[in-house]
Amino acid sequence: MINVESMPARITRIAFLAIWLLLTLFPLYWIVITSFKTPGAIFSFPLTYWPEEFTLANYISLFEKADFGVYVLNSFIVATGASTVATLISLLSAYVLARFEFRSRTAILMAFLVTQMIPAFIALGPLYLLMVQLKLVDDRFGLLLVYIAVCIPFCTIMLRGFFANVPDALEEAAMIDGCSRIGALFRVIVPVMKPGIVAAFIFNFVNCWNELFLSVTLMNKDENKTIPTALNGFISSFNIDWASMSAAAVLTILPTMILFAFASRYIVQGLTAGAVKG
Amino acid sequence: MIKRKVLAGIGLGMTAALALSGCSGSPEAEGAVTLQMVESLTNPARTALLEELIAEFEAENADITVELVSPPTDQADQKIQQMLQAGSGVDVLEVRDLTVGPFSTNGWLDDMTEEFDGWAGWDDLTDNAKKVATATGETYFIPYGFYGISLFYRTDFVEQAGFDGPPEDWEELLEQAEAIQDPDANTFGYAFRGGKNGYTNAVLAISAYVADDIDVTNAYKLTNGDSIFSAPEAQDALEVYFSLFEKASPPSSVAWGYPEMVEGFTNGSTGFLLQDPEVIAAVQQSEAVSEEQWNTAPMLKGPSGKAIQPLATAGWGIAEASEHKEEAAKLIQFLSEGDASIAFTEGNSLIPILNGAADAEFYKTGAWESYLAMNENPDAYITAEQPRGAAWWTEWGEKADAEVQQVLIGQLTPEELLASWDAYWTEKWASE
Amino acid sequence: MSRQQTTLKERPSTRAGAPAAPRARRRQFTTRRGFVILAFMLPAAVFVGVFTYYPMIAGSQMAFRNWNLTNLTDTSWIGLGNFEKILADPSFGTILGNTVLWVVASIVPQFVIGFAIALWLRRRFRFRGLYQALIFFPWAISGFLIGILFRWMFNGEFGVINDVLKKLGLIETGIPWLAEPSSAMFAVIVANVWYGVTFFAIMILAALQSVPDELYEAGALDGASKARMLFQITIPTISTTLALTVLLRIIWIFNFPDIIWAMTGGGPANQTHIITTWMINITQRGDYGMASALGLLVVAILLIFSAFYLMALRGKKEVTA
């Protein structure tokens, strides 16, 4: 299966992969091209697939109109912090759920699965009240805490699958060698699971980086806004301003894309190690 | 309590995250007051202007700091509701004619009568502004301006199509828009509003056709107490109105809301647009439409030569839970007086709230002429109040929008639409 | 790199050999063991409990009360009144149908295309790493942004999709995609497929790599055709992973209003609403009671569905085993 491929099969494969690549990249190409067009050119007719004149004006006005740098920084802080902590916490809970059998294990797993079924909108109001009481509204630390909670369930389910694939013998050997349980976990198992952990981290990061509704609800001041909130603001009551919006979209996608470009190998390997195991 | 302790413990354990987020509470100086101000109809230019005015206010009142919160418009009112419900994070807020009803019913708004007792600015307010500010006997907000509707049109399109001037009534609009429509060249007659709040324009057409019999205190009622949707003229109005869509609008305008309509006009593809004056600024910034290519005309009339102008409004109010009501009132007074108010209404192209402000050069030129024309002819351009404060107003808007779209996609006839609307309001009024 | 790959290849054998011995150890109960479980579970439990479950439970009580933001002076308990309101709503049937359509019509192409990509990506070729990185991009974009992007491309007058179709000679005049219920539904599903194929491609590719080569070698010796190997070796081996991935995706897509909300807002004429976009709509008119009831309904539907799904899965496994 791996080694023999007939000519027609080869052509089908290449054609299919090429077409899908084209379909995947075209929308991205379109938004990038739009971001370099002048507002007039966006609505010129017929459409141009390559701008007659490239302009950086949309990007420049973005940084003038709004503190885009601040939003990027906020998103970065919150997403990095939350995904790091969530991955660490999930590592612990996933380890226990994978390695121990105890009475409430199934219940805990179900409870985590149910969090994926809850539409976020039910919880927004009470969450806001809670955060007011904790004095964590309009505070990056508060948003970070909430994001950690959002990330944990899926991250735990995912990491649990990875643990199942690491042989027990590995840590037992380490524990016999005098490592504590936590020492064995971090010194022996974590290195083996690195691809899986990276994949989990990236998954968390992308989710936090793109999150909109919690961020709009919990952040007030401009200096605390994250990118999705700012982007949403661009569809302001005024007009859609496709030019600025495309530029903003490109800037939003860029960091996650760079991350993906570097880490895509890890993602596949990581998920390979665990996939989603029940 | 316990929860908080547990949380604090976790918080301490996560010093790394803490260090990253670099947060710290800013201690307030003795005697200084920080006001939280939340706006709703946010747009970048307006926010910038508001910040300038706030800076002036802070310069005059050294002990007051104002923090302006500008949520994305789509989520703004929902966020304001959450803040009001939580009773924190907001002192001064943008109250709209749409939200004043629910907010005050829930006891979230301060009755500012006391704070504004003896305010020197009262005398400068126009009658309309005063009426809105004291409508229910309480003062829940001071309007900052009014949104009226006029017809934006492309002078060059109208001329090329062989007409002397802009349309005066709905029938003429249909005629001119049809003449302009040329889908192959991506040129369309009318920027139809089929999407969010699309029903408002249908209601505009209906009101113009029943203008002779309308109840000006409730623009959805006829003087005989029936709804305007029950009048036979309403059928004629909708016939013209929906023909506009079929014959003279972009097909995708079924889904057009505010941004798309404005864009359709500012990108140079449509000839006519019915909109608020705040759009003037947007058109002025347009690269596709130059200054000589457009103007505004007064509201479209019905067959009897009259039009109904529904004035929409919004303003500033104080949260009941605010601990700094006195300072909040000071800020609102500052924004509602003299230069600050004029700067705000001119900057946002609003109909002013101050007597005499409309005499300024600004309101006599260009696109504003049509507003002046309407102001000077109150018998033909009748201002009437829509029941926008009703608790079911949002529900109504959704229902009405969906039904307008149903007509556009052929799932409902205009007759059925009118019958449904008439039944809806008749029932609501009966249950009041 | 090489070490990780060895781990992967070793896995099937370790998986088969491991359980017997440690199982006994796991059963012993010691205080120390209890302490480890508690200490390791606690952070996750506290976070999820405080920031997810507490707000959810606090929010659910609104489902049984007359909780309307336009008038909070009377928030009395009304039992199942909100649920009755949902069932009585004339558009509920359409919305339920749309939700099913949205889930099924999104997930089938996502799965098929994702599966095909994954199968074909098993073969090494030059730039495979780059290719993977490129086709993974959609996954990095937020649903909201994807909605905006596709709304722009599906624009009836200035949209690039109409323009391309015209250039290809497939249509003569532009289609107002988002103005007709059926074409609008089609457009939002296209956007969702574009977004979701990646996830399946990654997951299935990952699962495929866990199929030991020996199985194929054995199959090849038996002279099995490729199609037979696919259905008799590949798919059975990874079926559990596939089934669970599909379940998780069904849950997510069911609960994924972002693309529809950004592209059509549920219109025209409420014909592209799914349950969760409708719920946003209802919160906007202030009826939090009804919205919460709808939220609970979503959880109930998904729970029941998952239960049946997992039961069917288990039953099937027993048959094959």
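In this document, chain identifiers A, B and C correspond to the written order of the chains, with residue numbering beginning at 1 in each.
Note that in this section a contact is a pair of C-beta atoms (placed from the backbone, for glycine too) under 8 Å apart; a residue touches a chain by one contact, two chains touch by 3 or more.
Please read all numbers here as calculations on a predicted model, not as lab measurements.
Shared contacts of subunit B and subunit C, meaning chains that touch the two of them, come down to A.
Should one ask which of A-C and A-B has more C-beta pairs in contact, the pair is A-C. Rounded to whole angstrom units, the spacing between the C-alpha centres of subunit B and subunit C is 39.
Separating the CA-averaged centres of subunit A and subunit C is a span of 15 Å. For the pair subunit A and subunit B, the distance between C-alpha centroids works out to 37 Å.
Residues of subunit C in contact with two or more other chains: 43, 47, 50, 158, 283.
Within subunit B, the positions touching two or more other chains are listed as 7, 85, 186, 267, 269. Residue positions of subunit A touching 2 or more other chains, listed in rising order: 42-43, 45, 124-125, 129, 145, 232, 235.
Residues of subunit C that touch subunit A in their complex: 3-5, 7-8, 11, 14-15, 18, 21-22, 26-27, 33, 36-37, 39-41, 43-45, 47-48, 50-56, 58-60, 62, 113, 116-117, 120-123, 129, 131-145, 148-150, 152-153, 158, 160, 163, 194, 197-198, 202-203, 205-207, 209-210, 213, 216, 219-220, 226, 229, 240-241, 244-245, 248, 251-252, 254-255, 257-258, 276, 279-280, 283, 288, 291-292, 294-296, 298-299, 302-303, 306, 310.
The part of subunit A that touches subunit B in the complex is made up of residues 38-40, 42-43, 45, 65-66, 77-78, 80-82, 84-85, 124-125, 128-129, 132-134, 137-141, 144-145, 216-217, 220-222, 229, 232-233, 235-240. Here subunit B touches subunit C in the complex through residues 3, 6-7, 10, 78, 81, 85, 101-102, 105-107, 183, 186, 188, 194-196, 250-255, 257, 264, 267, 269, 391-392, 394-395, 398, 401-403, 405-406, 408-409, 411, going by the rule given at the top.
Across the interface of their complex, subunit C is touched by residues 1-2, 5, 13, 16-17, 20-21, 23-25, 27-28, 30-31, 34, 42-43, 45-47, 89-90, 92-93, 95-97, 99-102, 108, 111-119, 121-127, 129-130, 145-146, 148-150, 152-153, 156, 164-169, 172, 181, 192, 194-195, 206, 209-212, 228, 231-232, 235, 242, 245, 249, 252-253, 256-257, 259-261, 264-265, 267-278 of subunit A.
Considering their complex, residues 43, 46-47, 50, 69-73, 155-158, 173-174, 176-181, 184, 264-265, 267-271, 281, 283-286 of subunit C touch subunit B.
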